[in-house]
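By written order: A, B, C and D. Residues from 1 in each chain.
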Amino acid sequence: MDEHSTRYTVHGGEKASEPQVKSGLRTAESDSRLTTSLCGIKLNSPILSASGTYGYGKEFSRLYDLSLLGAVVVKGITLNQRAGNPGRRLIETPAGLINSIGLENPGLEGFISQEMPFLREQGVPVIVNISGNTPEEYAALAERLDEEPGVSALEVNISCPNVKQGGMAFGVTCDMAAQVTTIVRSRTNLPMIVKLSPNVTDIAGIAQAVEAEGADCISLINTLLAMAIDIHTRKPLLKNTFGGLSGPAIKPVALRMVWQVAGAIKIPVIGMGGISSWQDAMEFILAGASAIAIGTANFVNPYVVPEIHAGLSKYMEEQGVKNISELVGAARINR
Amino acid sequence: MDEHSTRYTVHGGEKASEPQVKSGLRTAESDSRLTTSLCGIKLNSPILSASGTYGYGKEFSRLYDLSLLGAVVVKGITLNQRAGNPGRRLIETPAGLINSIGLENPGLEGFISQEMPFLREQGVPVIVNISGNTPEEYAALAERLDEEPGVSALEVNISCPNVKQGGMAFGVTCDMAAQVTTIVRSRTNLPMIVKLSPNVTDIAGIAQAVEAEGADCISLINTLLAMAIDIHTRKPLLKNTFGGLSGPAIKPVALRMVWQVAGAIKIPVIGMGGISSWQDAMEFILAGASAIAIGTANFVNPYVVPEIHAGLSKYMEEQGVKNISELVGAARINR
Amino acid sequence: MVNTIAISQARVTEHNFVAPNIKRLALQAPGIARQAQPGQFVNMRCSPTLDPLLRRPFSINRIDPTSGTISVLYKVVGRGTELLANIHRGDSIDVLGPLGTGFELKPQGRKVVLIAGGIGVAPFHPLAEQLVNTGYDVTCLAGARCDEEFAELNDLAELGVEMYCATEDGSRGEQGRVTNLLENTLHKRNFDMAYACGPNAMLAAIKQICGRAQLPLQLSLEEIMACGLGVCLGCTCEKEKENGFLHVCTDGPVVWAEEVKL
Amino acid sequence: MVNTIAISQARVTEHNFVAPNIKRLALQAPGIARQAQPGQFVNMRCSPTLDPLLRRPFSINRIDPTSGTISVLYKVVGRGTELLANIHRGDSIDVLGPLGTGFELKPQGRKVVLIAGGIGVAPFHPLAEQLVNTGYDVTCLAGARCDEEFAELNDLAELGVEMYCATEDGSRGEQGRVTNLLENTLHKRNFDMAYACGPNAMLAAIKQICGRAQLPLQLSLEEIMACGLGVCLGCTCEKEKENGFLHVCTDGPVVWAEEVKL
C-alpha cells in the first residue's frame, strides 16, 4: 500500500499524485457549505492556522493546497527581528505542549520582504499576528502593515509582556488591553482581531473592553501560563521558568472561554485551543466561534487541516445544513 | 501470576496477603525520610488525598493502609445535606476529567455521625474540606467542626459560588477570599487551610490576601473552569454548562501556580492538580509545596498513593536526602 | 458483599470476535475470578497511557475460579473499546474488580426471565449458570437491531436456557423489539422474577411492562464512570421514591426496578 | 533537497531486538524509501492516542527503494520508545518523512571516518553504503558504554567499512571513549572528512579534536522536536559564528561542525 493512498495528495512528488484522492481534495476545497466571512473577509472555510504553529505557510503548502484554509495566520511579527529564547523551547506534557519560543521572527521588514511575496500568491487571505513590548511598537507595526498589499487583517497578540508595566502581559487587565487596541485602531483601517490571553479571571470583561475600543473580532485563546521542573537537576526546564501550554489538554478551558466571550460581545469570535479533530472544531463553532484556528495539532498530524475540512463538510451534509454559519452559536439557543 | 503479586496487598481478602509484598508496604509506611509536618500536624508522608476524590476514606482503606497518607482530606462538606447535580456529571477529556458533582454530601451532621467514627480510627489526621454559599455558612461549619474530636484541620474551599454576589466564586477576588478567611478564622482554632481557585489572573495576590487574614496554609489548585458540547444534540453536555477540569492535563498550570504562590507567601503550600506519579509529586515539592494531594489519579490507578509513596522513598534514598522537607522549594534556589 | 478488590496486570488468554463488532476478552485474573458474583463488573484501562484517561467498566461475562480466569464481552463503540480491540493474546491489561452489587441469586419462585438488549446480554451467562444450577427454570428474551448484533445465544442455550429472540430488521427471530417479545411472552406465560440489561430506553419500557404485570424486576444499569469504587460520586441515577441519586458503581449496577427513575 | 514529504500508516514488516535495549523497526513506506537521503530522519507517532502527544524523530537507518521499505534503529529510553517497542509486525504506524538535511555525500578526498556514540550509529549505514559505492575508503569508530549497547558493527563491516570500537568498561574493543579512539587513530592515520553522531558532549569533544586536526566534520544533531517541519521553531541549536539559532529539523539534523556552538 502506498502511503499516500489513505490520505491526501502530497504536492511536488514525482509519483505522489493519485487522481481520485486529488479530486477528493478539490471537492473539499470548493465546498460552499464551508464558505463564510469574517470582518468582511471572504473565507473558503472557517478553518484558520493558529499563529506560531504554521510558520509563514510555506511548509504546509508542500503538503496540501493552502486554499483549504479560510486564512493563513502567520507566526507573530515584531518590529525588529528576534532570535527567540535560548535553552530548551519545548516540553511535552500530558496531551499538551509547553513552548517558550520567544517570538523568534525576521522582524517587520524581514517578514514583508521574505515572506509576503510567497503568501500573496497562495490565493488565501493573510492575517498578520503582531506583538510588541510597548503600545508604540504595536502602533508602528499596524501602520506599516496597513499599506502592505496582500494583508487582509491584523491579529493583535496582547499576551506579550508590557515592558513598561514590569512585564505583566497587556492582555491581563482591561486597561492595558484597551490601550493597545485603541492605538492600533488609530493606525490601521485593516480589520483588527484582538487575541486574548486566557490567564485572567474575567475573559468576557477583557473582550468587552477591547470591543469598546473598536476591535472588529476577538480571537482566543492564547496559551495558558505553565511550567515544568526537571527533578534531576532540580531546576525549571525553561530558562524563563514559565512557558505557554497548548494542545488538546487545554481544549475544555478554551471552549469555556469562547462560550463566555461569544455571549458577551457582538463582534465575531475566532476560537482556538487544542482543536485536533472536526468534532473539536464543531464544538467551538456551536459555542459561538465564527471561525476556528488549528495550532498544536498541526505538529501532531500535519494533515489535520484537510481532515477537519473533510469532516466538517461531511457533518454539514449529514445534518442537512446549508452553510456552516447557520451553526455558529447553535448550542447557545433554547437552553 | 496472581494479580496481587506485582502490586500491593489488598486488605481483607482470603488469600490476598503475600508476605514479602506486605512487608514492602510496611517499610514504606514507616519511612522517616517522608515524615513531615504541616501547620503543626505531624504527617507520615507529604501525600494527602484531594477533596472529592477519596470519599471519606473507607473505599481506599480496603486497598491499602491509610496511614501511608499524611492526612485524609475528605469530600467537601456543606452545612446541609446536598444531593448534588442532576444529569451527566463526568466528561472525559484529553488527559483530563470535567466533573460537575455539585458537592453531593451528607451535610455537616451526617458527616460527623456517619463518617467521623470510622475516620477517627485510621491513625491518620483528618482534614475536613468545607464549602458554603455564604460567609455565614462557612462560619457555622468551622464552629461546629472546631469542637469535633479527630478533626486535625479545616480546608476552606473558596471555589464555591457566592450566592450573594451573583454566583461568582468567592475565590476569584481578593475581597471575597479574604472575607471568608476572616470569618472562618474567627470561629476556629483548628489549623486553617484555604484552597484557592485557579480561575484568576493573579493567584499570588489572592494567596497573599488570604495569608493576611490569618490562613495557616494554602492549598491549590482547585479545578479549572471548563466545558464540553455534544455535537449531536448541539447542547452543552453539563446541565450547568460549566464544570471543573482536573487530571494530568492541568498539571503544568497547577505547578506554575504553586510556584507563584510559594514565592509570594510565608505559610506552607499544599500542591495539587494532575499529580499521577512520584515524579509529578516531586516537581510540586521542588516548586515549593510542603505537601501534595492526589485527586483524579486515584480514579485511574487506585494504588497511586502507595506507588507515589514508594517512588518518593526511593528517590530520597538515591539522592541521599534525609528528609523530604529539605527538598521543599529546592528548584527556587540558585536560579 | 465485596470484601476484596483485586487489581492486576492481567494476562490476556483469549481475545476473539464473537460477532462482527463484538469481542470476548478472557483474562488470567484469579483474585477476581475467586470472588466475582453474577452482575458484578470490572473497571479496565484500555491503554497504558493517559489518553483515554479513565478506566472503562464492563460486566463480568464468564467466571472460572478453577482456572482463575474471567471474561468480558464487549462491543466496539468508541476510543477505549477500539484500543481494547487491538490488544493481543499474551499482552497484559490493568483490570480492577470485582466491583458493584450483583444480581439477586435466590429470587422467590421457580421461573425467571432474562431480558437482554444488544450487548446487554453480557452479564447474563454467569447469572443463568447459577440459576440453572440451583434449580430455576430460565428463559431468555434477547433483542438486537439485526442478527449480526447478537452474541451468546448458543452459549446460553447450552446452559439449558430457553431462548427467544427478536430483531428490528427481522433477520433473526421475531421482527420487532425485545419489549414486544416480552409483552407477547407475558400474555402466554408466567414468571416469578425478571432481570433486564440493555439501553436505558429499553429498561424504562421493561420497567413499565413488568410493573403492569407485577413481575419483580432487577435492572443492570449503565452510567459513565470514573472511579468505579464509590468515591467520585459521578455515576448517578435518580432515585424513584425519594430525592437524590443512586450511585451505579456501588448501589448497582444491579438495582431493583422500583428504586430508579429511568 | 526534499520535494515531497510522505505521511502514512506504514505497515510494520519487521521489528526485532538487535541488542538488549535496541530494536530495528522496518516499515513499508515506499514514498519515503523512494526519496530518503542518508542522514535524513522520520517523525513517528508512538501511539495513536493523544499521550504521548508529539511525534518522535528517528534517523533513517535503512533505505530500500526497491522493496519500498525503510528502517529505524532505536534505543528504548522513555515513554514513546517503550510504546513503540510493543508494536507488532503487521500493525501500522503513522510516519512522516523524509525530513531534514542529510549528509554531504561527495566530500573532497577519498578517506572518510564515521564516529558513532551509542545509538548515534543509526544514520551511518545508508551513508557508508553510498560512500563505499562511490569509491570512498570508509572507517568507522564506534563507542558505547559496554558491548551490549552496540548495534550495527557487523552490518557496517559487511559493507566494507573498517571497524574499530571502544567501550567504557572494556567489554569490547579498546577501553575508553570513542574520543580517545579518535585521537589515537588520528595520530596514526589521515582522513579527508569526518562524520559524527552521538550525545552532544561527545560531539563537542569531537569538534575540538577535528578542529585541531583540521579535519572537515559534519555532525548529526539531536534536539527535542515538535513539528519536524520547520514551523514550530522549537528545535534550536546556537549558531557558532553569529547570534541566533539553527533549526535542527530543517537546517539539520546534519550540519557542518563550525556552524554550531555545542
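Assorted remarks:
Basically, a residue touches a chain if its C-beta (ideal position, glycine included) is under 8 Å from a C-beta of that chain, and two chains touch if they have at least 3 such contacts.
Treat the numbers as computed from the prediction; the structure is a model and nothing was measured.
Any chain that touches chain B and also touches chain C is listed here: A, D.
Contact tally for A-D versus B-D: the pair with more C-beta pairs in contact is A-D. Ranked by separation of Cα centres from chain C, the top chain is D. Between the Cα centres of chain A and chain B there is a gap of 36 Å. Each chain gets a centre from the mean of its Cα atoms; for chain B and chain D, those two points are 46 Å apart. Rounded to a whole number, the gap between the C-alpha centres of chain C and chain D is 53 angstrom.
Shown for chain D are the residues that touch two or more other chains, namely 50-52. Multi-chain contact residues of chain B (touching two or more other chains): 91, 93-96, 247-248. The touch graph of these protein chains is complete, with an edge between every pair of chains. Across the complex, chain A is touched by residues 91, 93-96, 98, 172-173, 199-201, 224-229, 231, 234-236, 241-242, 245, 247-253, 255-256, 259, 274, 279, 282-283, 286-287, 315, 327, 330-331, 335 of chain B.
Here chain D touches chain C in the complex through residues 47-52, 79, 83, 86, 88, 91, going by the rule given at the top.
Interface residues of chain A, counted against chain C in their complex, comprise 94-95, 248.
Residues of chain B touching chain C in their complex: 1-4, 6-7, 10-16, 52-55, 59-60, 62-63, 75, 83-84, 86, 88-97, 99, 101, 104, 247-248, 276, 296, 298-303.
Only residues 3-11, 28-32, 34-35, 45, 50-55, 94-96, 224-236, 238, 243-245 of chain C touch chain B when the two sit together in their complex.
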